[in-house]
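Labels run A, B, C, D and E following the written order; every chain starts at residue 1.
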Amino acid sequence: DLVIPDLSYRTGPYAAGGVPFSDGYQDYFALLNARDGGIGGEPVRVIECETAYNTERGVECYEATKGEGALIYQPLSTGITYQLIPRTTADNIPLHTMGYGRTSAANGEVFNWVFNYPANYWDAASVAVNYLLDENGGSLDGKTIALVYHNSAYGKEPIRTLEDLSALHGFTLTQLAVDHPGQEQKSQWLQIRRERPDYVLMWGWGVMNQVAVQEAANIGFPMENFIGNWWAGAEHDVTPAGMAANGYKSLNMNPITDYPVLSEIQSLVHEAGNAAGDGSNLGSVLYVRGMYAAMLAAEAIANAQDIHGVADVTPAMVRDGMEALEITNARMTELGMEGIGPEFAVTCQNHGGTGQGLVQQWNASAGVWEPLTGFISPDASVIAPLIAEDSAAFAAESGITPGCL
Amino acid sequence: MLYREAGDFKTSYQADSQTFPIAFDRWRYWAVLVIAFCVVPFFVNAYWANAILVPFLIYAIAAIGLNILTGYCGQVSLGTGGFMAVGAYACYKLMTSFPDVSIVIHIILAGGITAAVGAAFGLPSLRIKGFYLAVATLAAQFFLVWMFNKVSWFYNYSASGQINAPERFVAGIAVTGPNTAPWAQYMICLVFLTICALIARNLTRGTIGRSWMAIRDMDIAAEIIGVNPLKAKLTAFAVSSFFIGISGALFFAVYLGAVEVGEAFGIQKSFLVLFMIIIGGLGSLFGSFAGAAFLVLLPVALKVIGVDLLGWPTDLVAHLQLVIVGGLIMFFLIKEPHGLAQLWRVAKEKLRLWPFPY
Amino acid sequence: MMDGVAPYVTADGRQIGGVLMDMRGITLRFGGVEAIKNISFDIREGEIRAIIGPNGAGKSSMLNVISGFYHPQDGEVWFRGEKRKPMKPYQVARLGIARTFQNIALFEGMSVLDNIMTGRLTHMKTGLLAQAIWKGRAEAEEVANREIVEKVIDFLEIQAIRKTPVGRLPYGLKKRVELARALAAEPKLLLLDEPMAGMNVEEKEDMSRFILDVNDEFGTTIALIEHDMGVVMDLSDRVVVMDYGRKIGDGTPDEVRNNQEVIDAYLGVAHE
Amino acid sequence: MSADFLYGIEVVLNGLMAGVLYALVALGFVLIFKASGIFNFAQGVMALFAALTLVGIMEGQVPFAHLINAVFGTNIHHFGWQVPAILAIFLTVLVMIAFAWAVQHFVFRHLVGQEPIILFMATIGLAYFLEGVGDLMWGSSIRTLALGLPQGGSLWVEEMTNGLGGDDFYGFFIDKLDMVATLVALVLVAGLVAFAQYTKQGRAMRAVADDHQAALSVGISLSYIWVLVWSLAGIVALVAGVMWGAKSGVQFSLSLIALKALPVLMLGGFTSIPGAIVGGMIIGVGEKLFEYTIGAPYLGGATENWFAYMLALVFLVFRPQGLFGERIIERV
Amino acid sequence: MPDSKETLLEVNNIEVIYNHVILVLKGVSLNVPKGGITALLGGNGAGKTTTLKAISNLLHSERGEVTKGSVIYRGEPVHHLSPEALVKKGVVQVMEGRHCFEHLTIEENLLTGAYTRRDGGAAVAADLEMVYTYFPRLKERRKSQAGYTSGGEQQMCAIGRALMSRPETILLDEPSMGLAPQLVEEIFTIVKNLNENEGVSFLLAEQNTNVALRFAHQGYILESGRVVMEGPAAELRENPDVKEFYLGMSDEGRKSFRDVRSYRRRKRWLA
């Protein structure tokens, strides 16, 4: 069988985000098992392991599951990703960090075993700025943008990109760090109220998101000028603030619509009593993202089966499948997920996909995230050099000679 | 009688003050050492090394360190995470600045640097006592973490602020980096732990140890009989931080390989190590080991039982795990407030009297 | 010796030397409470000096002044012919002044042996590094000091409880261990604060014997606070009497016993 | 007046109110410490638990649904009714009292006379336990607290003060929730101070903190006193949980607010109820002002956490028992 | 001798173990008659304190346990009662080593003594005055924190605090410890007065055998956790062994402490 570990977190400070993602991830594999008897006829076995978003437990989970023949890891934590990059590389198991983790892993020549398609944090920063450019008729000259970020590796990721972009487009960037957990953000928001930046971008996760949305509403910051990244744009981030959150925007890489696959999951998985969670998250932003991640993994495995001609693939084969992955609109439609993500193709040089993202907006009265735009492309001319630089530094530091496997 | 003291007469004070005055204990001690050094390395696999043994060994060093400060000298500290971070970042800076110097030296130097930082943060202990001091050490914890997060020099200006341990060798064998063999990871930690434990043992049985304990038990009386409180407290902070720094360096370089300060060395770490020594037994080296083993093993064991054997949903198990760990802590304290070490001592005393009940 | 005070020989043939410790005009206040009011007295080398007085008279406070724990607002402390600068208690201990406490101040978490070994701290000098290595200097020092401590243990007949944690000991034995700890320091001047409280006659006799023997064999000077008049009168060479922070009497036991003010304030009607 | 200066004042005002919110958490600590010498690490988790229970009851959720479903293979979640807020608060208070009783009966009764650090450890066990129970009972997702507490800046204040400064001064910002919290906190503090200082139980409580054994020997019932204070602390935790939960939703991180209360405790003194509120205000103002004047402009921000502790530390060096704490008695 | 032979408190063959392993009392039995003063004598570590704590149920917090035997108060077994329930029944203990509430003032300390009383503030105030007349020194220091008073003052405070609860039985553990001689007399006079005028019964552990036997009606002598001798106080006072080892008298009367040296050594040898 095909072993897929799911390093989830259903407890601890970030459980609210961890639960729906994991539900979606597992439910999709359950669907494949129920509907297709697995992937290429080989049943999928998901091993869930609780990390509580804690790096040591992440390592423990990794070590506990890798012996089972784990094919691909998706830890949903930048911290754990950093632990796993050297380990998975040494153990020859692919690591997929979808929209998080180490951005420069997009350079597949340095990070042979790490993939972060379809987009990464630097893409996200650029997409957000491009969106704002669009809103402002192509120029952000003289505008101010404040970045409210989680004071951790994760939160600091976009800073360098945004700095470059601010130089490029002439906007002023203010940085406001929020320490974990982020319950108290009065200072940051008072500062925002004083300085009245035109836009606020947010790199948040966990309780920080809910508090930020509430505080923004409190100071009367126009919600439509407040944009979170794709980890600050789930339902639970906005519901605690109630109507006050109406109009808040965020990035997303998987728009929320009525995907046909969801009803299949409903009938074949949930109603059969095989739901991973309590079933309440079906169709939510992070659920769909988890499902999307599972789909990408399944496609890569199917790819690997094609390439190598065996059903019971090894992790190394899955890596080959990932490197040859091509997601097309046709395929997504076929899978009942039309438009769940951009079209993209992975190559040895580019493990990062196209980097596209879209902007969605919260409609509080309806209680739904409404996609505002189509997929927006990041500014490759800014991102590519940054990735090249960072991955080169890593290669030098760890004595890696870049190249394809 | 299985276990006896009778017939174990000492003819010199030297023999009397040895670590294990009872022959049976001595045997067991040597047996454990032999197994740890000569048997385990041949059997250890990646899972055992990474999930259990290496964290256990490293936490044991940290627990010994904190136990010196809290258990022996009575100064409750919640700055352990911060001090481990000092060790880790010092080690990182040394490793990257002097790549040709042996990692062993780097780790020891990291301990030394941590000792200096620890002693500096120990200064307020002259005025501040008890829980006030415990809370005050949080100032160190938060400040250090903030500093390692903010000052990019510490993480060599990397984009995310993560630090990664480059590959380093001891006698030609990789001990850090992705290609380290599990047994090598295990051995380097074991060697450090053994040496640290020996040093700790020596310090705690002699003059310094007694001045620490005197300060702990009654600081005023200690001062009146001639203990210089400044010296006693600062040495305790320094020695303790030395060990904690070493454990932080190992934690970063050998165990995790990459850390982010807030996540790896946050306040949770301070609490965790404190829990270890309290559960294990304050003022007992054995307790440091027992506590570290308990808190490293228990969650893993519960998870294995719950998820792998009983097949329960992971979230349910995770929640039950909290309930059980919490429940056990309370249960043990009620049974024996002085920790696992004391439980062990009482068991031995009972054994000694066996078959009579008292 | 010092101060030109002539040595004298007591009835039982002990040699009393010059002034060892001289308290001059000590005044100690705590907020509004004046615990000691301008008291002067001296302690001479080799003698047993008792301090008595009603509860709250300021006796313990006086010992605390001597051991540097309380700092008097006024007055001078002279030790061995020199005026003592304001000192921290541990510095005083290093001058060779050891003491016991009224409310037992043993280190509850340590064994009897370790408690007594702490008494030797002022004599132990090896550095941190040597102790970390242990073998060699640290061990040699430990053994040498342990020998002295064992002598004290033998002397006080507490061999059997050597390894017992002091927390488990009954009150009387704790007092004895405290004395042992003080003796282990081989002090010049030994301060005892109610060493016999909570003992029965048999034990008091034991304790008296120890005190006399220390005084006799090692020539240790002793200052002692005690409420048992039998003990005070029998043991001490000279007695200071305090009341409400004032000195109301000073002299040989007989002089004090017949001092009317002392009788009124403290002894009460005809004591035995 | 210059806008910078006015904003400084605004920061101070907001610091005061943030401080009150910290104080709400600190109060629970103080109560228990005062009555038993127990440093209650579980206070934060209690706040979370109380708030979770309140929401759970209001929404008519079945407690332990997940566990029941897993064991019996059922699929139940809700009773299908909604409980009005007032009733739910009342029921939650009952739950907290039951909790207090259980804590005393199963744990602390057996630990009478132990050293403070052991008691502290027991509360750590309790924190784990309660966190697990809370999760099992009510699940770990984020809940919205629909008590209808006012939120958002007070327009009235903003308009009244708008004219004080120039064009770039927008009037003072004061959160309505903070104002409510301040009011509640003041009432609580006044009540608790009266209780502790002027009642027999209050005196008994302080006696218990000094010496468990002696308290027993004069006939003070430790059980009674402890159930009483733990109940009070539970109620205070509920208030804190509600106030903080209104900002962030009720979720795990609520238990971490305890960390914001510790410097407050330290500064105010572990044993002083008014100390909690005064300490809270000093910390609140101190950290916000530092962040405003130095932290954000020069140090890259996010200085509040450590600054609060440093501030408290500096205070302690001069007053080791905190502002209003009981003097630490040093005698031999 | 109290005229009634009625037994108020009965301790039957109790065994006490500390820490699960240390056996301290090895079958102690006592009878405290109603309205009597019973002295519990014995050397250091004999188990006096342990016996008193076993009666008042304070052992629990020291990790001690009564493993055998029973304690019966007024015909009811009480060893399962909590200490405070026992206080409500009228049994109060003055603990060895003072145990004042350090942070409370002397007066507050005394008032906590009245915690269990339900007879109103006036009665409590009257008793407070009574305690102050017994111990004028306490009145002077009433506003001081107990932690900052002298040893003797604390001892007075502890005794006064117990009196404040209007007990009918008082367990006194070394009341004379650390008190000036005239106060010792005074305390025993108070004991006697309370006993005679108010019918309070006493069980007192004392090292000051001399005084104790002078005031007590009957006594028990404890050695290493066993009762080795019991009887009316007057008889005990005359017993030659008691005289020698507890009263410090030989046939020639009291010896000087200075003269006991060699003699003591011999005694040990014999023992």
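Points to keep in mind about this one:
The definition used in the following text is that a residue touches a chain if its C-beta (ideal position, glycine included) is under 8 Å from a C-beta of that chain, and two chains touch if they have at least 3 such contacts.
Just so it is clear, the model here is predicted, and its values are computed rather than measured.
Listed by label, the chains that touch subunit A and also subunit B are D. The chains touching subunit A as well as subunit D are B.
Among the other chains, C has the CA centre that is most remote from the centre of subunit D.
Note on interfaces B-E and C-E: more C-beta pairs are in contact across C-E. Chain centres here are Cα averages; for subunit B and subunit C they lie 42 Å apart. Once the centre of each chain is set as its mean CA position, subunit D and subunit E turn out to be 45 Å apart. If you average the Cα atoms of subunit B and of subunit D, the two centres end up 32 Å apart.
Averaging C-alpha coordinates per chain places the centre of subunit C 50 Å away from that of subunit D.
Multi-chain contact residues of subunit E, defined as those touching 2 or more other chains: 19, 22, 148.
Of all residues in subunit D, those touching 2 or more other chains are 66, 114, 135, 140, 300, 302, 305, 331-332, listed in ascending order.
Multi-chain contact residues of subunit B (touching two or more other chains): 146, 149, 220-221, 224, 313, 315, 318-319, 322. Across the assembly, chains come into contact as A-B, A-D, B-C, B-D, B-E, C-D, C-E, D-E. On the subunit C side of its complex with subunit B, the touching residues are 67-69, 88-90, 92-94, 98-99, 101, 105-110, 114, 117-119, 121-122, 124, 126, 128, 131-134, 138-139, 141-143, 146-147, 150, 181-182, 185. On subunit B, the positions that touch subunit A within their shared complex are 46-47, 50-51, 55, 96, 146, 149, 158-162, 164, 166-167, 177-179, 255-260, 262-264, 266, 268, 299-300, 303, 307, 313-315, 317-319, 322.
Those residues of subunit A lying in contact with subunit D across their complex are 10-13, 15-16, 19, 151, 175-179, 181-184, 186-188, 190-191, 193-194, 206-207, 210-211, 214-215, 217-220, 236, 239-240, 242, 244, 278, 280. Contact residues of subunit C toward subunit D in the complex are 64, 69, 101-103, 105.
Residues 346, 349-350, 353, 358 of subunit B are the ones touching subunit E in the complex.
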